[in-house]
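This report refers to the structure that appears directly beneath it.
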């Protein structure tokens, strides 16, 4: 496997010791996320899109075993030859895999056995991190870094999937029951006027980024305005009350079809009880906070809302240019509050922001070589870009150039709406 | 709720003490069946027809709470008001219920909580069993007896569902790994000639039986022959090798359609590895024993096999008349061997035998009054009768008049084939 | 092909001339039924269960070509070698066939070509009818008779399918617009008490009957009552207004499931306009006639209605015994009125009556030999018996022993409800 | 309804007389396309995506009635008030509509009635074209022009749908059986190097174009190469023989999923008979011409082929810039040959060319006002751009800026593959 990244990340990962410490911290975080779960919670899969937490824990470990241990340890013998079939997600390079929609049926290996698998692989990984020859370091360190970012992506999926899995239970059990501060005042919506012109976007440094963020390239932008914060629950409620889900003229044709077929009349996780909207959160069912940003909307809903408001969604290049100007801080998972808060700005963290840009290859895009080449490129069809991270994204996982992507009907991710308009 | 059974079972349940001891024994058996399970095994549901073992344990307990505690304890307050929604199976009388196909998503209550529920309900039930007034005893004892038979039916379902759930895992984990004796010689197939005439079938004693076994009534039978044992794996393999699954003329029209749509080419749980048929059992994957009876066939397959053999399946009245002549003994779950064995007779136990009789009301059938009236009657459409019990049926659960029933495409139950022919 | 019918129908078909005249009359009737159709009407297929009229016309012709011309004419060359694939309905004996649900896509051969096919085959059939050697006559005449009954069954299907096809058009076009007399007074419902005992049913004469009506055999019946006429629209409306479609306790479990999934709240073809029930008929949309029998109900609805009324549906043996006592007359298609009328009796004609008996083989049943063996036997699973014929059945097609059968959810056939009760 | 097009097309439609003559010619063409059809062919709809030819003929007429007659004739009374429901395609503005997938069930109105509808509407339209007041001319003429382009789009759909409908018949009937010249030599594949830079695309003249071609705007392009002709059948056959449909690494993830679920192993209309590939054409089933361009491939297949060839598909801006440089001529429907031919160039006509560009709004896009605003904008999700027209596109319908769009799995349109590559 030859890696196209010639220079290894200089910034945070410039020493073995740093990478080892990073490895330990990120691996521990995955287990910490699962600490509040019952053993049954580890097992379940509410829809094909979600995975059982146990499966996530095993899959990210399989990633290290497959892309690192198998390649860098001579005569490596797999921990368990069946695990590649069970815990491969979508890498056709490595042969068959258990059907995605049936991950919830794998009651074996047990949770205990999966943790044992993690412990054993961590031992081997830490040995390798300390002992690998300097000549292999650059490629090795790149793949470790990729594995850690991969695990961080699955940490976000863990929050998303746990939320959906628990919500599928009529008891609506809370993931966490600790109290959290609630901000109930939203900031006023303002519009920033922004210049167009020939700009560059995409990643170009010698630190880590996904292949889909490269190459850096030119894009022509028209002048436009961006709103100063995300759309709030109160604003979205106006849309609903104004017949938003009943008026076909507001919707993309596929969107209208989808909401009719699935009988959607509000965002995911909204429930009306005694005439009051509630929202299922990782803290259980709560009265809807009007000032907080509306979350768990699909692209179809985001687009219809923008249409209703007489605006549009921003382009990914418009958002990237804005993100590049700002300090990388916001309400990320490091805050320990796993639900979006009222506030202003909200460009980083809070909620992923749907863009009006489909997920496409940048001009000259080349996927990584080898098995990791399946990481991003093959999904460049039918999905849309989201930007900026969310309250369940780790801060050290994100970049201004980071491209997240989902199908236009997906809404179990922590996604919200920012508005833009042409001048 | 008024119960039509006027006289209470005199036989085994003629005293409180006997019923109490029965209650304790049967309730303990359910837990014992689940002892070999991992916590993940308790949670999973491989297809809509199976249920998670945890759900079975809770549902049978809910049955006692609903039909006994709620009715016989004044001002009874439910253990948990949500449990009726979660653990009601199909009793419309008691309002809404969790969708059957989504029982596997209920990660809460936890296994521990379900066992706690069982313990608490058992306490209350035992108090009531000791303390209930004599004036209520007859009706009460009937419902307790029904609840225990109900739990025994779910014990059989536990074995069936655990088998299917584990088989859905590509690891094909065994439920039990203890060794068992294997009988490899089948007895010769013989034919018993049996008289026809006007016979009576159905239950008429004052002991317990299901409403669907009543009333006792007359049926006209033609003279016929019954085979001396069940069809073996070897015989069924001949059918397959003779193109059994390729020849539409052998099949019912709906059966042919079903096996084509589902690409069936052998019984459930059969797998060919290196040209040798294997069978998944509760003891894991094993080489097929040619002498053992073929198991896990649908009605469609049983009928096609009979057609191929130039025979037919027996009528339920033909089998009931035969069962009435025989001592009630055979290979039941009490033997501790949960897979059918080679042998002769096999009328009782071993495998449920498909009959050529649809599941219908006997002339003059009246369902029980009240909520328990939904127990049997509403299923009298589209299903077929099976008789005789199986190796996972408790001996004290069965009777000669016992009517089991499944859809013609079902085959996860322990079902086999007995042949009959006209004279 | 050897036919089990040893003696040929003595009654109406005892001479060549009679059979020839019968052939001409029945073949002409099929064309006459289609006379009111537009060329588009010939082509369409609203659901998989219906067929385009053009296809019916070709299929019944293919039946004569395949079972008569191919077998009795030496070196017969098919009219068109593709027609066997296109117009075979379900005879696996003759190889592949066009998928049932896609018959509506066969725009070629054209209607004109199909009529040409009919003309050509009729010529050859009439030649053969005149010229065939006496030694072959018995077998030949049996198959011609079968072919004519087969065509009469498709005549009934033509009415059913045309009705459904036209109803699928929001214009609700009428098949016929000629006026007809409307009877608006229903007779009073009375109950006839009938003896039980050991009775015989089934066909035993040497005239034509289907294989499934044989052999004549004994059945034990309990004493019972039969109602004097079919359930009326007014009575069925009471059932609806009493919450019939909202009360699960009235329904078979599969029936409840079906009406919920398909959102059924009334019989097929009922539509409410401005608070008045209307019914689509072959004469177009009409105000519901309260005195006429309720038509186009499924078995599930018939059973639920009976349950609601505190009665049950009759057994097929109970109805056959009754039919045997009565003169074979009633409102059949020969009347030229293709919608049921108010009245009394209604045992023959008017509407097929759902029985509480599944479609099963009589004891000792043997299907015909050869390809015609697929005619009836392979459907003996999952369907229910209807008796007595309907207003779209030809009088000379029916017998007291005639067994019609449909799936419990089917309701595009002209089916109604007669009630029975135990004594 | 206010139309954003301020200036009316000056070029070809600068007089009433020209527009009248255009109207007559284009309306007549639709009927001419249907001339070879049987009456059954007019009726059928093989899949939800296709429509019966009869429906197309009525729908395009409804378009003129709705957008012209209803708006420009005072107190206009619809020809038939039901037709709006029956023949509205997707304009929510005008209320309900018959479900798309069930258009094939509308046997009424008949073909004759639909032609009568056309004749009547043409009379009224021609009156209006002559008589409408000059003050309304500009808006009126725009909408007539739109209606004519709309009808031309449906002419292309007629060819596509007739082809698919006929192919659904196992007889594989030909639409036309007249002979045509066959070119069997393909030109050599060459690569043209093309400059990048800041270019403009989109429509900006005062003649007719669709709203989605506007506004003219800037796009940054990288230098690239375009191939000199379309991919041939021979080349595509190499792809198949090289395991193209078996190798997941060549496919987009959704594409791989789609070809597995639908068991695609070749382009639509390819069939292998006796080891020789054949292709169903409007002239019937023919041996595959290796030199002709491969047709009826989906975006998924086009992308996988490009991937296999080490190339990529062109961007829509790259193609538009090329088309702008070339004379607008090629193999269009005016040639009377309705199947692509071997040759070189093939930029205009022959086959629509898949681009690597999703169908998106141009920056500053505004849909037309009123009902016609639903024409294009609401489909800007999940579809991909195709450029250049095909052998069934009328020459006077197309422009260099013309944007056609289909779902990535669609392949019943006449679509082929042009390759591009980065420098």
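For reference, chains read A, B, C and D in written order, and residue numbers begin at 1 within each chain.
Following the convention adopted for this analysis, a contact is a pair of C-beta atoms (placed from the backbone, for glycine too) under 8 Å apart; a residue touches a chain by one contact, two chains touch by 3 or more.
Since we're looking at a predicted model, the values are computed, not measured.
Asks: Out of B-C, A-D or A-B, find the interface that copies C-D, where copy means more than half of the contact pairs are identical.
Replies: Comparing each option in B-C, A-D or A-B with C-D, the repeat is A-B.
Asks: Counting only Cα atoms for the centres, state how far chain B is from chain D in Å.
Replies: The mean C-alpha positions of chain B and chain D differ by 60 Å.
Asks: Taking each chain's centre as the mean of its CA atoms, how far is chain A from chain D in angstrom?
Replies: So the centroids are 38 Å from each other.
Asks: Can you pull out the residues of chain B that are in contact with at least two other chains?
Replies: none
Asks: Can you list every touching chain pair?
Replies: Final set of chain pairs in contact is A-B, A-D, B-C, C-D.
Asks: Could you list, by residue number, the parts of chain B that touch chain C in their complex?
Replies: 90, 92-93, 198, 217-220, 222, 248-249, 251-256, 299-300, 303, 356, 358, 360-361, 363-364, 374, 378-382, 408, 422
Asks: In their shared complex, at which residues does chain C touch chain D?
Replies: That would be residues 38-44, 46, 54, 82, 85-86, 98, 102, 104-111, 165-166, 168-171, 173 of chain C.
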